[in-house]
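Okay, so chain A shows up in both of these, paired with chain B first and chain C after.
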Partner chain A sequence: MNLTLNHLSKNFGNIKAVDDVSLSVPSGELVALLGPSGSGKTTLLRIVGGLEAADTGQVLYAGEDTTHWPIQKRRAGFVFQNYALFRNMTVFENIAFGMRALPRKQRLKAVELKRRVAELLYLIRLPDLAERFPAQLSGGQQQRVALARALAIEPRLLLLDEPFGALDAQVRKELRRWVRQVHDQTGLTSLFVTHDQDEALELADRVVVMRDGHIEQIGTPDEIFESPATRFVHEFVGESCALPVDVRAGRVSYAGQQLDIEAPLADGPAHLLLRPQYLAPAETGIVVRIDAARRVGPRRRLEAVTGAGDRLEFEVDSDIDAGRGQTLHVRPTKWRLYSIH
Partner chain B sequence: MSAFADPRPSLQLQPVGLPTTAVALHARTMSVRARPHTVLPGFGLSLGYAVFYFSLIVLLPIVAVYARSFSEGIESFAAAAFSERAINAYRLSFGAALLAAAINALFGFLVAWVLVRYRFPGRRLLDAFVDLPFALPTAVAGIALTTIYAPNGWLGQHAALLDWQLAYNPIGIVIALVFIGLPFVVRTLQPVIAELGHAPEEAAATLGAGRWRTFTRVIFPALLPAWLTGFALAFARAVGEYGSVIFIAGNLPFVSEIAPLLIVIQLEQYNYVGASAIAVVMLTASFLLLLVVNLLQAWATRRSGVDRAR
Partner chain C sequence: MHASVGNREPLWVRLTLISLAVVFLIVVLLLPLAAVFAEAFRQGWHAYAEALREPDAWSALQLTLLVAVIAVPLNLVFGVAAAWAVARFQFRGKSLLVTLIDLPFSVSPVISGLIYVLVYGLHGWFGPWLDAHDLQIIFAVPGIVLATVFVTFPFVARELIPLLQEQGSLEEEAALSLGASGWTMFWRVTIPNIRWGLLYGVLLCNARAMGEFGAVSVVSGHIRGETNTLPLHVEILYNEYNFVAAFAVASLLALLALITLAIKSFLEWRHAGELAAARRH
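Now for the complex of A and B:
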């Protein structure tokens, strides 16, 4: 089912939680809503699920305006941040809850219901835990039960609010891949909220970067990482260093020194954004003095200061002997320029 | 043991699939059972003191009451404890207390729900007023209620036009007991409702459940243990209530005379055995009722899945 959001806005008092957001999600796509806390991503997800009412704008499910539909009618599977499992029910009862809440005519017979729950338990790889209570499960298991419970109602789309937020790093990684598998198996249009850029880039088909209630950029993980539309996106996704530069007649200069960089920008001050991975020592370039060197996995991470006092970070092969106090030239292999308005 | 010194593979030492942490954890649980190790020591001393204190303050007086009531033999005990007047008083005391606790359970839930869930002008004031029945001297409460509900009182005179008498009869007693019991239900439910949060009902709604199903299947079971606690506290307080009731009850023997008043009447006649006999019956009945409520509560807590830690 495709999902369309038309000019959604939502205010809490004076705060614009969601500010004129439009988005179109084709059927079967897995979309990440990425942003820092307070960027409105959770509010947007809740509006899509009907848990929050937008002040203006529309939510279309497969072209049908659902803006004023009650939550129950939407059939949007929602996985809550802290899972919100029913503590007084077993895993089986939790998963069966949605099927039992169906109108009497559509309700499954007890045998079929049991079979369906068993299928879902198999899908979440917890076939033996049907009679456990949520308090007897680990965080990762609760998370999977919450997902099975949402899938049980055969939802039209799947909404996940910080689905891996409360889990430890190892479980989080495993669950991420597993959620991707489940998504590919079910083919459900899915939206998930996260503040973790790695999670968004690894898991999603498309990433929506949000800031202060509006969308900064929509793009594939590659586009978001390689061609950030704004300085905010550049700094929020991946690591960044920024240098204040001047643009004159298409040439970029930093601290009086002209750099070998083309600038399709109007004349004036700008920011040159660099990633540690795309900055390398060279014969000529920006002169830096090394401040600290740390080993990061197979490579060496250098922290350096330019003559003008700006900090730069970059990576070199670990066999390059670079020590504190040494000076060298660095050149960016990839960069982004953002003019200062 | 050094893994490097031993050339043989050490994997065979433990069952496959059982991670070492589980073994370590298990070993720790065992040692805990053998000898408790806590940050704050002093189990022996604190338990000893707790038992001594409890005995001195609670058990000893109760034993004294039992001893006193049987001090002149079983016949005089039975005569005092099961006289027709006493039985009527028990029926009234427990009946009115149960009814009042039930009313409080219903409306106390409503008040607690409103106080936790909604923000409105005067909420804090209302919240503070809930404690008033705690703080007010019971005699003051009794006089205040009588002023309102007596046949010539503010509300009582209007009720009198409809031929309803709200004071000087069992209805008046229930009104007084509802008044003094309200805070118990509200104050026990409030934190639990706050802790429950909105997530469970939102989850239920996204799964297609309507309001009734959400309430009966999700919210009610989660609140039931605290609800029963509040009910039990309100009931216990109501059974023993004296001050606020005697003003509004009218105190007619066989009609609106509560058991605590009967005890006082016996005492005023220097009939200490009679007084303690009635006290013993009340004590025993209260204990049994509270035991039932506690068992119910344990059952509800088990059902609510809260204490099911690993």
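Now for the complex of A and C:
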């Protein structure tokens, strides 16, 4: 099912939680809503699911305006942060809840219901835990039950709010892959909210970066990482160093030194954004003095200061012997320029 | 038993604190309770039974139970509704509502009774109209019920508000998103999650409804065999120096309280596993 959001806005008092957001998600796509806390991503997800009403704008499910539909009619499978499993029900009852809440005519027979729950338990790889209560499960298990419960209503789309937020690193990684698998198996259009850029880039087909209620950029993980549309996206996704530079007639200079960089920008001050992975020592370039050197896996991570006092970080092969106090030239292999307005 | 931090206090500190607590409990709770029963049986079982078999005592017991049977369900519904409104919704005047819920606790029960006399009494605001339509509220059962409902209103609501707030609305939202109607959500998710608090609130409400003296005393009119509840009857008997009868009726009230406690303890014991699971969550 494709999903379309038209100019959605939502205020809480004076705070613009969601500010004129439009988005179109084709059927079967897995989209990440990425942003720092307070960027409006969870509110947006709740509006899509019908848990919150937008002040203005529309939500279209497969082209049909659902803005004023009651939440029950939407059939959006919602996986809550901290899972919100029904604590007084067993795993079986949790998963069966949505099927039992159907109007009497549509309800499954007991035998079929049992079979369907068993299928879902198999899908989440917890076939033996049907009679447990949520409090008797680990975080990762609860997460999977929450997903099965949402899938049980045969939802039209899947909405996940910080699905891996409360899990430790190892479980997180496993579950990420598994969620991707489930998504590919079911072919459901899915939206998930996260503040973790690694999670967004690894899992999603497309990433929506949000800030202060509006969308900063929509793109594939590659586009978001390699071509951030704004300085905010550059700094939020991946590591960044920023240098204040001047643009004159398409040439860029930093601290009076002309850099070998072309700028398709108007004349004036700008920020040159660099990633540690895309900076390398060279014969000529920006002169830096090394401040600290750390071993990071197979590479060496250097922290350095330019003559003008700006900090840069970059990585070199570990066999290059670079120590504190040494000076060298560095050149960016990739960069982004953002003019200052 | 494994040693907790508390067990590492010196012996004399532990003994002093424990004996203090025990002495306090004996002096303030156990002795008076024992005195009630001792006084009641002072002239033997026969006199005790006689005092309870007396028609006025019997009718006081019936009235007390009737008032509780009306007031407790009403406050169960009001309390759940009020707690729900306060815990789940943001609206203008919410803090005023919370203050109003606490009002019966903060005003003297005598005043709680007086306001009903002022409103519904013969010389009150609605008095002439009620009199013209031959409706009697004050010095009759409706007044006693009203005063009891007022005084016992906070128990259920006060018990539930923090519980509902602490649990948040996520499970309820999950139920709705899974297609449940508001009604299904309420009965299958909300109520099971608050049932222990609810039960506790109802038991406290019931205990107070049966034991309320001040407010009921003002609106009752003390008509023997008609508008006397058990606590009022105890007072009348006591004032008439009929100590055995007074304490016999008092022991009945104490017994009702003990039964309430016993039910609560039994339910807690019976559902210990579920309770623990609910708390672990």
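Throughout what follows, the second predicted complex is superposed on the first by the 341 of 341 C-alpha atoms of A that agree within 3 Å, B and C clash if a C-alpha of one lies under 4 Å from a C-alpha of the other, contacts with A are read in each partner's own complex, and residues count from 1 in each chain.
The rule is simple: a contact is a pair of C-beta atoms (placed from the backbone, for glycine too) under 8 Å apart; a residue touches a chain by one contact, two chains touch by 3 or more.
Predicted model, so just to flag it, every value in this text is computed and none were measured.
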item	value
Fit or clash - chain C, chain B, common chain A	clash
Touched partner set for A:Asn88, first chain B, second chain C, both or neither	both
Which of chain B and chain C A:Ile153 touches, first, second, both or neither	both
Touching partner for A:Tyr122 - first (chain B), second (chain C), both, neither	neither
Where chain A meets both chain C and chain B, residue numbers	49-51, 71-72, 74-78, 80, 82, 84-88, 97-98, 101-102, 133-136, 149-150, 152-153
Chain A-touching residues of chain C, taken from the complex the two chains share	170-171, 173-181, 184, 188-189, 192-193, 274, 277-278, 280-281
Chain A contact footprint on chain B (complex, rising order)	199-200, 202-210, 213, 217-218, 221-222, 303-310
Partner chain B, residues of chain A touching it in the complex	49-51, 71-72, 74-78, 80, 82, 84-89, 97-98, 101-102, 133-136, 149-150, 152-153
In the complex with chain C, residue positions of chain A that touch it	49-51, 71-72, 74-78, 80, 82, 84-88, 97-98, 101-102, 133-136, 149-150, 152-153
